[in-house]
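The following pair of complexes shares a single chain, subunit A, combined with subunit B in the former and subunit C in the latter.
Our next item is the complex of A and B:
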């Protein structure tokens, strides 16, 4: 195997938690609010099964080919040529997806905090840091995410608690004003995030305790759902109908905190947890991309690919969109129209799984015939 | 080799961790504490900033009107342009230092600008990453520039006075966030405190006076349509369940003088009801008051008398609220008392039908009062007559 390191199932769970939630807590409230209005806190509950399904399919495939990642078993299932084609599509989607994440990171840091710093510095430093982590291998990323998690969660809770004086229950009412549909529609936007759980298929083969993979995957999905529900509740209770006016409502909420006039201007806390989380998120996807690429080329070592891939990601992230209008066009067309994460997180694995089952049945039938 | 690597790493960190691109030294900054937005007669926008200079030798000879109050220096500067950003650009050319907006606590908008519409101007304040959602918003009777330029005798600056006024919650207190929420609401009406200058004491300089809040501006669709006085403002506060300070003076029947009571606690509940086509609203008020002055010869510790007084108090509040409704609901037709929100919350299904013509139907809402007034204490002393 290319990757010699091993992580525990709980480490994988924490990694996936960060990989989904990092950008989620900032941008999800606003994205969902457009459709769900004051019911945004219900939407994650509808998206929960989809996340679980992504993990489940990846786990099923892992059961069939316990030592392989998706890049390898796609070749087993579809044959070398079609397997490579699927692998290529997968890598391409992963590559654009992570570049967009990096772009989002750079854009947010520059627009909110460092308006005069050139974006390539912000992006470049992040990629450099991630390249270090990815070069260190899976174990390093796993441990890093374990380290980041308590800080992340604690600071998140601090923000929530400090916002409590400003909440007003009536902002949440009436619950389900227009029935169940708005919150379901809101959850469509969430699928983009929850489908990313699919990339768990890159990590299953490297678990020390494989039998616990599904359990911890499920826990991760649950933790993400709970965090999102909490985020959305606090945002809606603080901002109510104004939520839609902010690109990153949690950020604005943290800014809004003012306890006894001296405890204020706390947006740096949100920024800190967000950067820590995004770092893990980028690492996880970056690692998946590098590993996948190495396996696609049948290389014996993926480490030589780390820097070139990072360079490509950086270039794409800087060149991706000229302005925020172009970016929102992209999110509209690709993330919600083409649903790229849904394709690589759910549709491709599902496709592979069904082919694998059909082939298996054929093999059984053949064997049955031979016996006769 | 390894040592070289470490030196490299330290070197890189030294350069990158400084964050020098976005450094802002305090002595390169001017901290804005208050902003005044004016629309001049020729339709241009004037932005007046009140700057609290962090060091006393900062603003010398910069062309701004500066004043020395208690060792602190306040500088006022005005920029002009066709829009707020243009005016700020103009302002930037006059100011040698970078402006720091994030401590803006008071925003004053003049009446002319409010009448043409503040929604567009708010857009700037919300988009800008620096101004705080907690800044207080005021409408000024005259020009906002004049309000900003005042030199209050006690406080450090004019914006400080405004902040304290808003915080005391005697009349309206509206933050930028409250305003956004009101403008986004179902009824599209908003209420803002109005400030004016107190006439200066005799012998004082014309500028040496305070600003004060004496009425409230009513906005519809982001445009100012009128104003109500302090008495009606308190009525509105009752409806919005924001009442903090209120003094009621009554003359009970068969008593020979006035009795004044001070509000300790007041809570309001709006209970909407839809009866066929008729919209009904029950205003349920619970209030606890203390007696602060008794000019009658009543012994207020008699339960009998207290009952009468409580009834009088409830009636006095009801009259005030009916008067408020008369103006706000019947005349201005501005739903600043948030009836629409209540209907939406309690009857979301029917509200969809009502929402379209809410502006026409709002004045026809039937309001009934259910006021429960309690008198808790009658004061520490009792003057024997």
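Our next item is the complex of A and C:
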């Protein structure tokens, strides 16, 4: 096997938690608010089944081909040529997806904290750091995410608790003013994030306790849902109907904290947890990309591809959008369904699974005939 | 200015090449080929983007393809 390291199922679940929540925690409230208004905290509950579904499909495929990742079993299922085509599409979508993430990171850091630093320096440093982690292998990323998780969660809770004096319950009333439809429409935007759970198919074969994979994957989806509900509730309770005016409402809310005049300017905490989370997120996707590329070319080692892939990601990320107007156009597009994450996280695995089942049925039928 | 950018991108690519090339075992021809393939794609894309800064990125192209796919899909049902 190309990757010799092993991670435990709980490590995988923490990795996936970061991979979804890192950018979500800042940008989800605004994206969902456009459709759901004051019901944004209900939307994650509607998106929850979709996350569970993409984990379940990946797990079912893993059960059929326990030692392979999607790059390898797509060839088993569809034959070499079509398998390679699907793999190529998958890699292309992963490249675009990760370039958007890195662009978001660069844009946000430059606009909020380091206005005089050129963006390619910010992006380049992050990619270099991630390259070291990815070069270390899967175990390194697993342990890093385990290390980051308690800090992340603790600081997140600190922010939530410190915002409690500013909340007003009446801002989220009336609940479900226009029925459940607005919140369901809002959950369409969340599918982008929840479909990213599909990338879990790159990690299932490297688990030490494979039978627990589904359980911990489910726990990860649940944890993401709870965190998002908590974030959305706190944001809507603090800002009410003006939530839509901020790009990153949680950040602005943290800026709002001022307790006894000395505990203020806490947006640095949000930035710190956000950068730690984004680091894990980029690492997870970067690793999946490098491993996928190596398997697509049938190489025996993926480590030599880490640097060129990073270079390519950097080039794509700097060029991803020319300005934030183009980016917001992209995210507007994204919030109306059918996105790249939905394609690689859900549609392609679902397609592969259905073909695999049809083939299996055929084999059984042939065997039945032979017996007669 | 563009010349400086192209020069620095080339410098980064050459440094990466020098660092990684010696680490790949000489028996592994395929790895060397894939490595140089990715490096050449990356470098040429970087230079193209520097020379034509308004060119579309893959993210936008994928967006475009997916939106037209969605429109075709919705057109069937409506």
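Just so it is clear, the second predicted complex is superposed on the first by the 365 of 372 C-alpha atoms of A that agree within 3 Å, B and C clash if a C-alpha of one lies under 4 Å from a C-alpha of the other, contacts with A are read in each partner's own complex, and residues count from 1 in each chain.
Here is the rule we go by: a residue touches a chain if its C-beta (ideal position, glycine included) is under 8 Å from a C-beta of that chain, and two chains touch if they have at least 3 such contacts.
Not measured: the values here are computed from a predicted model.
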item	value
Contacts of A:63 with subunit B and subunit C, given as first, second, both or neither	neither
Which superposed partner A:332 touches (first subunit B, second subunit C, both, neither)	neither
Subunit B versus subunit C as contact partner of A:360, first or second or both or neither	neither
Partner chain(s) touched by A:242 [first = subunit B, second = subunit C, both, neither]	first
First, second, both or neither for A:308, with subunit B first and subunit C second	second
Contact breadth on subunit A, by residue count: subunit C or subunit B	C
Overlapping contact positions on subunit A, where the subunit C interface meets the subunit B interface	none
Residue numbers on subunit B that touch subunit A, as the complex places them	16, 19, 21-22, 102, 126, 129, 132-134, 177, 180-181, 184-185, 341, 344-346, 348
Residue ranges of subunit C touching subunit A (in the complex, touch as defined)	12-13, 16, 19-20, 23-24, 28, 30-31, 34-35, 38-39, 41-43, 45-46, 49, 53-55, 57-63, 66-67, 69-70, 73
Residues on subunit A engaged by subunit C in the complex (per definition of touch)	92-93, 95-96, 99-100, 103, 293-294, 297-301, 304-305, 307-309, 311-312, 315-316, 318-322, 326, 330, 333, 337-340, 343
Contacting residues of subunit A [partner subunit B, same complex]	111-118, 121, 125, 170, 173-174, 177-178, 239-242, 245, 252, 255-256, 258, 265
